[in-house]
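Two complexes come next, and they have one chain in common, chain A, joined by chain B in the first and chain C in the second.
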Partner chain A sequence: MTVTTAGRETGAAEDGAGHPGRWGAAGLRSGRTRIAVLVVVSVVALLSFRTTAAADSSDAAAFRFFDGVRDWVDANRDVNPLFLYGVNYIRLGVRLLVDAVSAGLTGLGFAGLVAVAGALALVVAGWRAGLLAVTGFVAFAVLGLWAESVETLALTLSAVLIAVVLGVPLGVLAARVRWVGAALRPVLDVMQILPTFAYLAPMTLLFLIGSPAAVIATLIYAVPVTIRITELGIAGVAPTAVEAATAQGATRLQLLTGVRLPMARPTLVLAVNQTVMMALSMAVVTALIDAPGLGQNIIRALERVNVGAAFDAGLAIVIMAVVLDRVTTAASRRRPHSWRVAVPVLGAAAVVAALPIGDAVPRFSFAAPVNALTGWVELHWYDVTEWLKNTVSAILLNPLETTLTTTPWWLFTVLVLVAGLLMADWRSALIAAASAAGVNGLGLWQHAMQTLATVLVATVLTMLIGVWAGVLCARHDRLAVLTRPLLDAAQTMPSFVYLLPAVALFGASRFTAIVAAVIFAVPPVVRLVERGVRDVPATVVEAALSAGSTPRQLLWKVQLPMARGGLLLAANQGIVMVLAMVVVGGLVGAGALGYDVVAGFSQREDFGRGLAAGFAIVLLGVLLDRLTQGFHRSTKGSRQ
Partner chain B sequence: MIEVERLWKVFGPRAERVPGSPLAALPRAELRDRLGCLVAVRDVSFQVAANEVFVVMGLSGSGKSTLVRCLTRLIEPTAGEVRIDGEAVRAMSAKRLRELRRHRVAMVFQHFGLLPHRQVLDNVAYGLEIQGAGRAQRHARAAEVLELVGLTGHERQLPEQLSGGMQQRVGLARALATDPEVLLFDEPFSALDPLIRRDMQAEVRRLHAEVGKTMVFITHDLAEALTLGDRIAVLRDGELVQVGTPEELVGAPADDYVADFVRDVPRADVLTLRWITRDAAEGEELEDTPLPQDTVIRDAVARVLRADRPVPVVDGDVRVGVVDAEQLLPALLGHRRQVPA
Partner chain C sequence: MKLRIIPMTAVLGLVLSGCGGATSDAGSAPSGESKGTVNLAINPWVGYEANAAVIEYLLEKELGYTVETKNLKEEIAWQGFETGEVDAIVENWGHPDLKKTYIEDKKVAVDAGPTGNTGVIGWYVPQWMVEQYPDITDGANLNKYADLFKTSESGAQGQLLDGDPSFVTNDAALVENLKLNYKVVYSGSEAALIKAAQQATAQKKPLLFYFYEPQWLFAKEKYARVKLPAYTEGCDADPKKVACDYPDYVLDKVVSKKFADTGGAAYEFVKNFTWTNDDQNLVSDYLTNQGMSAEQAAEKWASEHEATWKSWIPAGS
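Now for the complex of A and B:
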């Protein structure tokens, strides 16, 4: 006992001497003191400045302003040159594209589309993918959702088409031209933290409801990924190959087409893959602004809390996601078949398309069994789910919500500023504080705080579960192998789908949104945590083990501290995803900002409030992202 | 063939203010600290004759890779001039420069720089392809050069399926495919195993004998430099320390740096008799048959040691001196042993 203590002390002393002010005890203590002081000051301030948490006015200046904007747009839509020659043409062009894609897909007929999808998958991604595509497409008809599936596919493909046409050149430019890259980076940063819901209202304002607005919203959601990954791919091309080609006298164009693009091919296909997944996820959500497709089925079912009816559509979306993901992933790993294979296969598909084959497949719906199951769960698990719901609400959600909603906005802003200064840098702190003030300016303070409370609770749960599962996966290889396909599948699923199990278990409530958000955000957190723990250098782990650490000591003293970067990144990712999902939870009873947005789409008099809620969500997202990302960055900096 | 005149390459902010100003006299470290500039090539001048193998040798960081890239402006020189066939390279338009790279100068790289998505044949044909040569024509030419470097039968493979040595043969074939006048080698064999490296050096010697190109060869390996080079330039901190034939370097190193470099070289393998002759003493009796003065010492050993009298050494018909065992032995034993003290 004495020996160990003595050893520890020497160790600590050496540490302090070796790295003054870095991991030394002094730095840690002062950090702790600062946080403690902050907490005490906050509590005192909160107690002394509590407000009554009066409900938000239904007629804030911001709402009137946005209503005014809407009225102006409505009045000038056919007069103002910006609309006449800009926006309206974009809408027309997108409408033509969607109609063309949709007509193309529908025109092939059931058998034709199945055959063509299978043939294309076979050519670019091999026979397994071809088989999967055929099975998946047949399943749409089996579920009785053929027409809706084709609509969703058409929306997704249209958006992906535009995203690739715009995004790949932009990505190449960003990689090759320094100022383009520098200019795009912050824009993409913001675009990527915007929750899906926030896009929709401005889109309807400009492009009215329907397919064009849906495609453009989907495009905005998906195109950052296209640009980012293209940029990565082009920037990652081996400089030696480029130099060799330059030394042989290749022109810039020849370098691009002969060296850079072909060498970046796997990454470019990956960019398409990610774009497709993002687009599909968003295309479903755009049902809220009246886009056709599977999303409509889900929304209609959710409104009636009919889980069974939503299940079929959800399943169809998952199948589509899996098919598209597998085909594009396989395509990025292998080279496409040569034309010798491609031509006969596609020819055969064309022949099938020309044959008069109807869609006479056996029908099967999961609605009845799923509803039976949900009913059974409600009946038998009611006590458990209700207890869980009430406990979390009573212990975490309600106190937090009360605290936040009774905090005056200026105090909250100041606290955000101070927290930002402590955890991140002054720029992040200023941006976060400005966002907080902006939320108040939008006249939705109470709702924003309710949403924030839900987000924080969901994030805490997500991190608890995610870190626990991630550490388990990092320490047990077999578990990791088993969970990997599960995590893969979870990450390819569109966000809407996650509402279903939550609604099935907990009905429509605030807690449902939390559960959905946790299910949605846990997989990436698990993944980042696992990678962070696994990335701890083997030599360090070996050294700790040879010093006689128990597995628990190894985890708490070596692996978790060293995986700090990964954990903080996971927290950042998790919180952004949770926010996106909590807002969607407005559809299933979570209320607050999410509900304001949805109401804004459906009721004309609530438009201004909905748009303001959309902006408030964006500001919340920026606030949370800046605080956590700044945190992440500042620790990275101090470690170097 | 290639003339390099007062060439400078300075990396860093406002690099062009350094050459030709008082700053140019400052040592490297001080320039880096004061201006944040790195001088990679400092006032280098040399000439390479047609069909010559010119080796630039130096340790890593001495600026040799930068120097060779300045020749075709893969790196833009800061000051000075490079002329190839009398034509100023720095004055060339982008188009003219491409012409130069396409037809007249080819380069072989340390890390090969092959295109991983193309078969060997298409890698070799790439240079012809971007010139706009037809498919049949460029494939025929590529097959031809692949045979020259001994890779027939591997045309349809991808680079990653070949060993390092074979990949560099592809790199060599690619450089030869356009039939350039000048071949630049940037440490082409440093990434290879020693045995393969020796094979490849033999390959380069053979190719030089067969196709007779002007070659500029960058290396940090003295043995490689001595085997391949007609002349060797030693570069230190971006400056030329000495330019000369292998025997000049070994026999008369310009300074301690070069001397240190060459001290482990077996002198008898590099030096010729010229370096060790003495004047004949008056009335000294000599062997009848003389040795030419450019005989490498090692080749003269048997003759001189077996002779009873000193052997005369001649330059053509003129006697330049004599040599006997006394002169020979220091050259044979002279270099320090390669064992750490």
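Now for the complex of A and C:
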């Protein structure tokens, strides 16, 4: 199970890690030359054109524009037809849906919901999944988080419902109609690199606060995965089956409902699985805009720096994720039980729901022991954590930040363009350079460069740790088996859960954001690196060993170079995730763009700047993604 | 296919709209009816939570209402008046701009009187610094001591530690307009501020921080306020040009128009609620340092201060 950006990963990984080994010496030399030229040119240019890092104006044209938009929306919310007949109806409809789902779940009562969840899991995914569902749901009550868990579940299910209703038809269209697919691709690309944080403010502007805005935000986060995987599934249906059906005179509609959809069923269920996982992690973040549920517990814990309380809520989220994941994964592998099994099982669950069973379960909380541990670490490791923070800030972060903030924006843009042209293709280069120029146009250059510096440092640390751990996992099967559930759990945690331990250890600083980002981004990097190294053909490894390679030589000369595609993909994924987390770090003193966003939705006079910062984050994401993805693609080209 | 969809949506639209489309509070649950539900916003600092805990406890136990609490930042809670998500904010710090928007212009909220607490916002240093550097409490001397307050975050400048970015603050503008060699760093929460303050006292580390009263911490440890140019009426009119200290705030309650009109005894109760800074600090202390839940803290305070809260209960309920 991979939770993040699964759709993109699948496609790219096949191209990248699939055909290693044709890495010509000429390609290597020209690659090195290019990079050397780039480095020399950059250093010369930077030294000759340094500026003083003047602070961003607090009154840029872009901020005033967004403030104007806000005022217009505020004044016209109950007057303008666009709102009266459009936006407000969407809000109303979503609210009705959430209320219905939530009333349905709560109406079953504790015993009823546990029984129904178990029965449904049993029918679609087998008795093991059923047992897991029952255990998991009981655990919510044991943790004392029953009501919050049900609210989070209701939000997630509502968002998934809408995502499937919209996403599956779009995915089918994208697979079948070429221009739809082509038109959707860039839109989905951008949606998948949007850091969750950046679009909460626009959501509240249009849909105000509360569950409707939360469900819509969750939908935007999750639906690209639905569309992408559905498209993959439909496009992957064997052409022979389609031809056979066509030869027998099937119409287009019959082809779709009788051949394509049934044959793509496992992939479609996988699409639902991934959508659920994405939706769950976002539903928790939407607590920032007044969505109910477990996210509220985590925000409260963050406000009180109470790591223990957050641990309980985080655990409930992980349990929910594991249950939903295992049930949907098992469902994609097998056919559901026939009605002969389904009817009695569901009937039994209905009986349980009707029985008057209370929710008197023994309570257990991890809060006290976790807080005791945190307190001990804070007390005894204070000097170590301070030293670590100050050293990384002084040696890596501050010099990089100074270099970036004193670079004039036009020079940075030109360098991005050149880097893009040398390492990727001209399209990626143009898009990346346009993004850089756009950030400047928003009037947030200094803050964007500060954020970029933090992102780069965190990415370097993430890659160092991730590659090391990934290689270890690839070499030791037992370690890989042991770490798998840990990685699963780590990837389902919503991003800002990681802020807590980081804040407790390092206080309010940019380093805190770096630590949280590293924890957040390492798991997928480990996975991709492990897969890349494992995909190196066994024959090549054997040949190297029989030629007398030591394990170290094998790693550095054979495995890592041949897993290059996987490593670059890992860097691409890692950098996008790091950016998402670093901006959330604005909540705990990391400053820069993340802070602008937080201030934007909590201080009225900063609204415009906050919205501009949201766009700047998106542009920064596009820039980083294009450069690293372009790099990845072009090396693929040069190998052939 | 297309032909069928258009009339369908049109019909659906007509059914849903009745007349004139959906307004922004469409579909929100009716609130504030007699013996109904009261939606209480909870802003993220413990003093506010103390007010809310006592109000929630008494509304439920004495008046028989159901109380829903919602964790919201200040300005987001105000938006809740418009959507129907929030009935009452029970410790409001000034916010003249929001009052103008939501009370005067949109007429979705009304003033429900002071809480009886006086709010003070200012810059503070731990007591040991005052003993070591007696003139540090004059804001004009801050630049002289900027080096003391350097951290990994503020670089060559001194650090001024602020709280949650949503708190009422002019600090960024103050630093700029008073030409101070300082950088504002946001710790993110009240708890983080308190932790830093306690550490500064215990380990004798320099710290300049944004803080406020009523606040239970002042009963435990001493912190000195740094004097900035005195506040005069209107000196903070333009948030970008502020160069004066914070005013004293008369903390008050704000409720939604709907709650004021239909809230009955619950509204009367919220309007009547007033207590002292000492009362609030006591409940805050229960919440923070005695490990009590909101309900336990409110119950303990209510059982010991019946005379205070009896007068809040509206006659005839």
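Rule of thumb we're sticking to: the second predicted complex is superposed on the first by the 598 of 640 C-alpha atoms of A that agree within 3 Å, B and C clash if a C-alpha of one lies under 4 Å from a C-alpha of the other, contacts with A are read in each partner's own complex, and residues count from 1 in each chain.
Heads up, the rule we're going with is that contacts are C-beta pairs under 8 Å (C-beta built on N, C-alpha and C of every residue); 3 or more make two chains touch, one makes a residue touch a chain.
Here the structure is a predicted model, which is why all the values come from computation and not from measurement.
Q: Check chain A with both chain B and chain C modelled on it and let me know: fit or clash.
A: Overlaying the two complexes on chain A (C-alpha atoms) leaves chain C and chain B fitting together cleanly.
Q: Contact-wise, after the overlay, does A:G507 reach chain B, chain C, both or neither (first, second, both, neither)?
A: After superposition on chain A, A:G507 lies in contact with chain C alone.
Q: Who does A:P408 touch here: chain B (first), chain C (second), both, or neither?
A: After superposing on A, A:P408 lies clear of both chain B and chain C.
Q: Is A:L96 in contact with chain B, with chain C, with both, or with neither (first, second, both, neither)?
A: second
Q: Is A:E243 touching the first partner chain B, the second partner chain C, both, or neither of them?
A: first
Q: If you count the residues of chain A that each partner touches, which comes out higher, chain B or chain C?
A: C
Q: After the superposition on A, what does A:V259 contact: first (chain B), second (chain C), both or neither?
A: Only chain B; A:V259 stays clear of chain C.
Q: Please give the nearest C-alpha separation between chain B and chain C in the three-chain superposition, to the whole Å.
A: Here the least C-alpha separation of chain B and chain C stands at 20 Å.
Q: Which parts of chain A are touched by chain B and by chain C alike?
A: Dual-contact residues (chain A): none.
Q: Given the complex with chain B, which residues does chain A contribute to the contact?
A: 238, 240-251, 254, 258-259, 262-263, 265
Q: For a test of understanding, state which residues of chain C touch chain A in their complex under the given definition.
A: Chain C residues touching chain A: 13, 16-17, 20-24, 26-28, 44, 70-76, 79-80, 82-83, 85, 97-98, 101, 151-153, 155, 161, 164-166, 185-192, 195-196, 239-240.
Q: Quick check on the complex: what are the chain B residues that touch chain A?
A: 72, 74, 97-103, 105-107, 109-118, 126-127, 129-131, 171, 174, 178, 184
Q: Spell out the residues on chain A that touch chain C in their complex, using ranges where they run on.
A: Checking each residue of chain A against chain C gives 58-59, 74, 77-78, 81, 83-85, 88-89, 91-92, 95-96, 204, 208-210, 287, 289-290, 296, 299-300, 302-306, 389-390, 393-394, 398, 503, 507-511, 586-589, 591, 595, 598-599, 601-605.
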